[in-house]
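See below for the structure under consideration.
By letter and in written order, the chains are A, B, C and D; residue numbering begins at 1 in each of them.
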Amino acid sequence: MAAEKFPLKGYTLPLTPEGHSSLVDPPPWYYGGEVMQLIFRTDAARAKELIPPPLESGPDPGQGIVWFTEWVSVSELNLDLAFINPERAVYRECLVMIQCSFQGETGYIVPYVWVDNDFTLMRGFVQGFPKKLARIYLTRLSELNPKVGGKRAGAKMKGICEAHGERIVEGSLVLTQQVEPSDLPPVKFYLMRHFPNIEDATTPTVHEIVSSIVSDVKVTDIWKCEATLKFSESAVEEVAALKPVEMLGGFFHNMGFTIKGGKVLHNYCSAGIAR
Amino acid sequence: MAAEKFPLKGYTLPLTPEGHSSLVDPPPWYYGGEVMQLIFRTDAARAKELIPPPLESGPDPGQGIVWFTEWVSVSELNLDLAFINPERAVYRECLVMIQCSFQGETGYIVPYVWVDNDFTLMRGFVQGFPKKLARIYLTRLSELNPKVGGKRAGAKMKGICEAHGERIVEGSLVLTQQVEPSDLPPVKFYLMRHFPNIEDATTPTVHEIVSSIVSDVKVTDIWKCEATLKFSESAVEEVAALKPVEMLGGFFHNMGFTIKGGKVLHNYCSAGIAR
Amino acid sequence: MAAEKFPLKGYTLPLTPEGHSSLVDPPPWYYGGEVMQLIFRTDAARAKELIPPPLESGPDPGQGIVWFTEWVSVSELNLDLAFINPERAVYRECLVMIQCSFQGETGYIVPYVWVDNDFTLMRGFVQGFPKKLARIYLTRLSELNPKVGGKRAGAKMKGICEAHGERIVEGSLVLTQQVEPSDLPPVKFYLMRHFPNIEDATTPTVHEIVSSIVSDVKVTDIWKCEATLKFSESAVEEVAALKPVEMLGGFFHNMGFTIKGGKVLHNYCSAGIAR
Amino acid sequence: MAAEKFPLKGYTLPLTPEGHSSLVDPPPWYYGGEVMQLIFRTDAARAKELIPPPLESGPDPGQGIVWFTEWVSVSELNLDLAFINPERAVYRECLVMIQCSFQGETGYIVPYVWVDNDFTLMRGFVQGFPKKLARIYLTRLSELNPKVGGKRAGAKMKGICEAHGERIVEGSLVLTQQVEPSDLPPVKFYLMRHFPNIEDATTPTVHEIVSSIVSDVKVTDIWKCEATLKFSESAVEEVAALKPVEMLGGFFHNMGFTIKGGKVLHNYCSAGIAR
């Protein structure tokens, strides 16, 4: 049998004869969207609990960012996905990140993130984003709506993330002035890939820290904002442990980029770290 | 009791002590959105079946238009609705209209329309739009997504309307060139308000033809498009009776307007027309 | 034109050539389901605010009931609806009722009610139930699930009603013992039908108090329960004004019945009551 | 660092300080539900394409089964999940299986399966079920609904599976007579676990054939049925390649069981099979 080629195709399950039914296509993945950024500081000790070694606290311990976004995303294998099936290519996200560092380089770990379709949930899981499903509601500004209006100083936006009947995260922005790309906080993701062992629930089959390989980042039309942020108590989620938060500001801007995969920085399984 | 004031408030049910829980606020209502227009011609006899007297066929019998839109909409009573609760203010619509005329003035009757939240469903019902719920998926163009791109000649968009597990309407556009507002077909709505009698199912309590009072119409960034349109067979819906359709073209553009209510043109209940 | 028959058919919009696309079929309507009943008492003054004249407070002012139910419902015109399209026929409901009386006969007004599909939303609106859309989650007991189990003393159930990203109502039951149908509180509905005037938002076209014509009521397998109930603050809803509530008990039982329409008890439009 | 204990807890992402936010709890997992079974035969060559070596065709090549089910499921760590949050514990599934064998023992591979919440999607992914999200609609029989009625000869049920605006699978049953548990086809699952490598999309990190460890299986109230089944063309899914199907019968019954994990039968990564 050693000579036999594995007959099914796909980057993730389902693997199929034609290989175009996989929940996720292989990278490169292409992204574009408008991003609400809400920058906060929580208790440094609480933030530290979310940063597993070998990652360490960053230079501003307790700092974090929430993104509310509607992404348009396609893959190299299916560049027309936003046309063929917009249900797949257009999705919303509420992402919570906490500043950390690895070997002296500052970045962000993502302890919590919610999205609203299955393809991005699984694509996140493969990369190390701990995605769950939610319903995410975002204010859309409207230049031609006589009473809403478009992007301008004073425009108000809200993001709401609701899962299993609970409002988990709520944030708002008031646009104040246009600023330069250099005013945005740089974001580098340190992610944790993890896949359980089906024979032994106590020891994962895959457990590694990964950095995303992100390129072609563009940001345009950047507005500095006043921001508010609220994490709510939940019977399921632990994000409310980050309360109370002090707000450090916010931004609203367009963004596009490419993700070509990731690089494994640390493998817990082979490193012999006690789990 | 004649002197007693009715104590509950609201434009529609629920009527409540504070009056801010009504499913719909009173007009004026303000709208803004990007509109996909798909212009078609069906068999004139089939179109005529959807035009009740005293409305008559229009000058181009069998002509019709499908709109796919994501609206941002607020009311005079709640101008901040898109901020306070975007789930209420942002919704999608797939609207099918058929050309008709009333006393020599050309307009459109709306035999079928689907939306994706309850407030617009009921606001439509009150105006005479026969709204049902659906899931509506729309391509979003993305200037900064490296492989999707923004509005330009060649950009492709799709709208999909699915209800009760059936794909009811699907349409697509390919943008070709920017054109002037005067290139758009003028649209005036003739709508049918209808509310059953609870004591006698054969005779409605309200049954009237209404024209919408629309003002402040603005359109910008208008693209002429090639269009396709597909109505699908359904165990529930009758829109597939309009098949086959010949395409007359399409447009994609921004639009904003105000609706201040409607004017009753014909009251079936008082007119003594046999029903 | 007086001799012309109105060519479109249907009980509600959309009226169509074939008449089988109406959002709602005419009565009779047939119902069956398992009902969680949560009986409470709120401040009598708060309850009274929800009871419009000529309805009056009932013999136990401030008493109310919440029902959480999954209904299976079909109409005389479409007896096979639960087979042809279960998405239409199976829906969930969270209904809040307040005791009242009319000409000395005790019943319940329904100030708030949420459901999860469009056909029941509109069927409710026609009857005078002020329905809005929500997501409603109900514990399902399971005889064969090794750790959940079926109906028995000690079994625990929960109902959750979430709308526009807010958890509006939450209630729970613990089954204690089987009891007789005569132990259930009798429920007669006094409902308010209301349809706005499109020319004048201040004066409705239809505004009347109606009693439902309910027959063939059957209840089986009735369990007395301990109950809890929680109304939550909301940016949209007013039901939290009924807080705090004292619990008077609960029930869980099967129920079936037929609704053949309603009888108008009071017409506000013709009665000349100041509104 | 070798002595440091990994500080975050959970069976799957997200790993958290408290460990109760994981999308999936560790096994044992407990299940109960009513199962619609639709037994079919497709072209044996088409079925064979879905069976990867070392699995082989079963004794009845081309035979397959579709299950439509609403499950109630809890885990050992959270036995009260169906009470605490029914949104998590109650979900629907449409599962397509194809007969195969491993070392002479007959079982089923699951090439396609759809569910309607995220927790079961991920729990399936960990076990080797290639789950995607869908909306799944199931007829519910209703003893007390005057026109629907309960389980009996002649009762009709339907299951519908819709994803990304397409109706993917539709099946129906007509109950004919009660039969014994021994009349049901025995089902043993051979599943494929698969997790991509983030550094190299062509070689998965995990790729293995697993058999589920299922115990405590109980079935009650088993009805033999006439069955129909329809797979539909899709722009995304490949299940329609199984058309046309010949129906071999159907069943409707209660079922409960426990899953304690799985046993790896074959590891593609270590076996050196060309992929």
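In this text, a contact is a pair of C-beta atoms (placed from the backbone, for glycine too) under 8 Å apart; a residue touches a chain by one contact, two chains touch by 3 or more.
Keep in mind it's a predicted model, so treat the numbers as computed, not measured.
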Same or different for subunit C and subunit D, where same means more than half of the interface numbers show up on both copies?
same
Tell me which of A-C and A-D has more C-beta pairs in contact.
A-D
When the C-alpha atoms of subunit A and subunit C are each averaged to a single point, how far apart are the two points in Å?
41
For subunit C versus subunit D, what separation do you get between their C-alpha means, in angstrom?
35
Using mean CA coordinates as chain centres, what's the subunit A-subunit D distance in Å?
29
On subunit C, where are the residues touching two or more other chains?
84-85, 87, 135, 137, 160, 164-165
The residues of subunit A that touch subunit D in their complex are 1-8, 11-18, 20-21, 23-24, 26-27, 49-50, 52-54, 84-85, 87-88, 111-112, 117-118, 121-122, 125-133, 164-165, 192-196, 198-201, 205-206, 210, 235-238, 241, 261-264, 268, 272-275
Show which residues of subunit D lie in contact with subunit B when the two form their complex.
135, 137, 160, 162, 164-167
In the complex, subunit A residues that touch subunit B
30-33, 70, 72-74, 76, 79-80, 82-87, 89-90, 135, 137-148, 156-160, 172, 216, 218-220, 254-258
